[in-house]
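I am attaching a structure below and will ask some questions about it afterwards.
Letters A, B and C mark the chains in the order given here, with residues in each chain numbered from 1 onward.
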Amino acid sequence: MSVLLKLTNVAVFVGDTCLLEPISLELKQGQPLTILGQTGSGKSLLAQAIMGLLPDTLSFQGDIEVFGKALTLEQRQALWGRDLVMLPQEPWHALDPLMKGINQVAEVYQHVQGKSQNDAQASAQQDLLDVGLADSAHKRPGQLSGGMAQRLAISAATAGGAHVILADEPTKGLDVSRRDGIVRLLQSRSIEGSLLTITHDVAIARQLGGSLLVMKQGRLVEQGDALDVLTNPQNHYTRELIAAEPKSWPDVSVALANKTTETVLVAENLAIERGGRTLFENVSFSINKGEVVGVVGDSGCGKSSLGDALLGLLPVSAGLVTRSNHTAKPYQWLKLYQDPPSAFTSSVSLGTLLKDLVDLHNIAQERIVPLMTRLNLPESILQRTCLDVSGGELQRFAILRALLLDPVFLFADEPTSRLDPITAKDVTNLLVELARETGCAVLMVSHDPDLVRKTCDTVITL
Amino acid sequence: MKAMLLKRVLQLVTVVWGVGTLTFILMRSLPGDMAYRIAASRYGQDNVNSEAAALVRQELNLDQGAFAAYWHWLLDLLQFNLGHSLVSGLPVIDAIQHMLGHSLLLALAGLLVSILIAVPVGLFCAWRGNPLDSIFMGLSSMIRAMPVFVLGVLFILLFALHWNWFPVAGFGTPAHLVLPALTLALSLAAVSNRVVRDSAKHTFQAAFYQFSKVKGLSAWQTFRRHGVRNIAVPVVAFFGIQLVSMIEGIVMIESLFSWPGIGHGLAHAIFARDIPVIQGAALVMGVLFVALNTLVDMLCLWIDPRGVREA
Amino acid sequence: MKFTMTGSQWVGLGVLLSLLIFAVLGMMFSPFSISQQDLNAVLDSPSAVHWLGTDHFGRSMLTRMAHAVGLSFALGVLCVVTSSLLGTALGVWAVWGGKKVDHILGVMVNILLALPGLVVVLLFAAIVPGSFWILYLAISLVQWVEYFRVVRAITQNVIHSPARQSSQMMGFGHWYQFKRHIWPAIVPSVFTLAAFGGANAILTMASLGFVYVGIQPPLAELGLMTVELFPFYSDAPWLLAQPLVVIALMVFGFHLLAGKRV
């Protein structure tokens, strides 16, 4: 097996601060390599350093050998497209918004491979057919779904003939059902060379196999054969990462028999339309006090719209939503948002926001401290604004605000999808626990079927 | 596209109505016998006598009320019956035609030169960065702080009076066009070069721009295939915004350089209270403004078929 | 509300304040009036009596400049206050008042945008020649549209933001939502627009004065003074320089104060 890529003590600095501690690795022919770690662990910097794409503000040390030769930055840049290529994180941003999909592939055949315009178009057409995009060849990226855009980006990236592929979070923001397809496509494209993947997703690391490196905050913590490491992790952090995968969560759903039968809300034959398209119809269910109901489905299927409709934030096109609890005030039907920072104003501190709420509803002061302790929120975050606290803290603060109002129903719209897996696990568990204790009904929307299966008592699939 | 055109048609109607209404108010606010003035504006100063005035008085019901007179005033306008100048007695339409040609020449020359300055400077600043960027940034801010007429006065003082390179004012030879066009061009370019620069910088840093190079395309191929068009989108949309500055600039520059265009005509007519000419000049400017805006809209749609630009 | 200004914004504020102080002191303490002629002292250079010299009628340039700057500031401030209040209020109302209100305001704005601002102001100026108040009215009428469009666009985003929606669901009223969500979002843009609006108002008045259809003699106005002094550019260049430099300084000051470009 020949070594395609060899890194010796590669490190990245901003000024004197080390962002990525010295790391050495080898990418071998036919043996994929995966780097696993949370956001902010410096793994994207590694890919940029290999390509020669580090921003000017960052400096770089160490040696990079490609195909057995130590190459300078310019020499590596000369390999782009023909031998070495990097897939972007966000395919929508990586594709020219004004150019039709097929032309973004064809231009590589024409300008990199030197084919004639007609041949290039034909090759591109064939490529798109292979990845199931033949019908969307003449669409612009804005008209494609995330999965389609990623397939287009992979076709464009590999059209130049490169077999050494670096993929930086190639499945970010994609539905679970689309994820496998992308991974298989990447595997088939790198069959003659090799694939270096950077991901935070344990499932992808498992699927890709090969060798695995686990990184935490710019430092390598564990490496070895992927299956070995994942089945028998040695490092504490690796174990935590694996345990944070919804698949390995403890099952906290409650069997039907143990529940109260006091109904909070009934939905009958609901249908929702958006932009002239029917998202779903004939959906009926009821939610009981203290029950956690999960909603799963691919993006765009109307999961979030369903929750908004239950809260009266969106009109339904057919059917009926009945609130059975008549004593509850309007402000006891609440929502938790997907992106925590967007759900708060940054104009004042979190403390002021909390005080606003306490003053408005005459909430007893003595309830706050115990609940904050329970949610693991330090007192000090009250002095800060929503921009200065972490996403996990902010989502817990959102739960705090909601619980202070004694909600009867809480719609949690992918409350942890923007959080890293370890935090996501904590926040989800806390939310479910507290909802059960207080008797608040929860509608939890998620793109991850595992997460819903482990935490929710009932599951609605759209 | 349809909604955009409908909006522009609506604007065209309101331009005609707005200009007509304002000039009507103007006509009524003048001292003296109104019938006499309207007769003069319709048939020319030389053909006015008490008979014609009586005819007008009867037709417009001037004795009866403002409303009827207003109605007739707008009706005349809708038939493009612009009347005669109160000062020269000549038909307004002839004067306007003559002025429009001069204004368009100045506008086109100014716009062309401004593009020739702004695009290379903007691209160069985005490409090379500091210190050039800061120098041009400071220079643009200084020019932007100067009203168009101050810039023009400086040019006249330097290039016409001090060095005698170009004529001070007037028209007729190509040399007469240089200073007015340059004044207009510089005042426009001082703003638009920053827009070009920001757009180019934004595009150069975009993920798709980098990805194109990662795919294997050369820097030049990337610029040609993914740069030009993406940079052009905000720049062309900005030309729509700059139309206001351009028309305002033309009014000032024409007055300063005695360039016989619409703006010069309008300012003169207002000074002389020559209402038919005010109406004609304002009308042509409004129509021109709406037409040019429509053109920019279509250009934007052609470059970026994703959506129509706002406003 | 945190409101930090950059260095260049402080410089802009400094320039404007110095000019304002000059205007106020000049108007209060100058022994001359703006129309007091002295034909024995025509086109004088700066001297102990006339610190900035005298014009072609022997009038004190310092007095006239102080009044002209004062007049410009008065118009600029009046226009900014009127148009920003009107534009902001209507912009928020357009979003909050429902589709009908939004549509009616949209049509009004479309009408105003159909003519270039300067042409509208010129037409108004023609109705009552030389009136300060008609200039104020016309310029404010033209300028509120800009605030309206920006405020409406930002408010629309805020109204649909999770943050605002969340506050509403928790039972907070309209005033709270405006105070915590809308106002903090629009205030930087309104401030920037106001600074540019001040510059534009001053510029428009000077432009009208320059083409002789604005403020009329013998009043002192920067644009008017530029044309009046232009014929004496070679005999007394320092006189012509005064209104030109001051206009540029005022506009520059406002541009610096604005901070960012719109």
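What we mean here is this: contacts are C-beta pairs under 8 Å (C-beta built on N, C-alpha and C of every residue); 3 or more make two chains touch, one makes a residue touch a chain.
Source: prediction; values computed, not measured.
Enquirer: Considering B-C alongside A-B, which chain pair is linked by more C-beta pairs in contact?
Expert: Contact tally favours B-C.
Enquirer: Quick check for the class: compute each chain's Cα centroid; which one is farthest from the centroid of chain B?
Expert: In terms of C-alpha centroids, the chain at the greatest distance from chain B is A.
Enquirer: What whole-number Å value describes the gap between the mean CA coordinates of chain A and chain C?
Expert: Chain centroid spacing, chain A to chain C, equals 49 Å.
Enquirer: Nearest whole angstrom, what separates the Cα centre of chain A from the Cα centre of chain B?
Expert: The separation of the two C-alpha centroids amounts to 51 Å.
Enquirer: Could you grab the centroid distance between chain B and chain C? Build each centroid from C-alpha atoms only and quote it in angstrom.
Expert: Roughly 22 Å, centre to centre.
Enquirer: Quick check: what residues of chain C touch more than one other chain, meaning two or more?
Expert: Within chain C, no residue contacts more than one other chain.
Enquirer: Where on chain C is chain B touching in the complex?
Expert: Going through chain C, the ones touching chain B are 107, 110-111, 113-119, 122-129, 149, 153, 203, 206-207, 210-213, 223, 226, 230, 233-234, 240, 244, 247-249, 251-252, 255, 261.
Enquirer: State the interface residues of chain A toward chain C in the complex, per the touch definition above.
Expert: Against chain C, the touching part of chain A is residues 311, 313, 329-331, 333-335, 337, 339, 342-348, 353, 356-357, 360-361, 398, 401, 405.
Enquirer: Hey, which residues of chain C end up touching chain A in the complex?
Expert: 1, 161-163, 165-167, 169-172, 176, 180-181, 183-185
Enquirer: Could you list, by residue number, the parts of chain B that touch chain A in their complex?
Expert: Those in contact with chain A are residues 206-208, 210-218, 221, 225-226, 229-230, 233, 303-306.
Enquirer: Inside the complex, what are the residues of chain B that reach chain C?
Expert: 7, 10-12, 14-15, 18-19, 22-23, 25-26, 29, 141-142, 144-150, 153-154, 157, 161, 194, 243-244, 247-248, 251-252, 255-256, 266-267, 270-271, 273, 278, 282, 285-286, 289-290, 310-311
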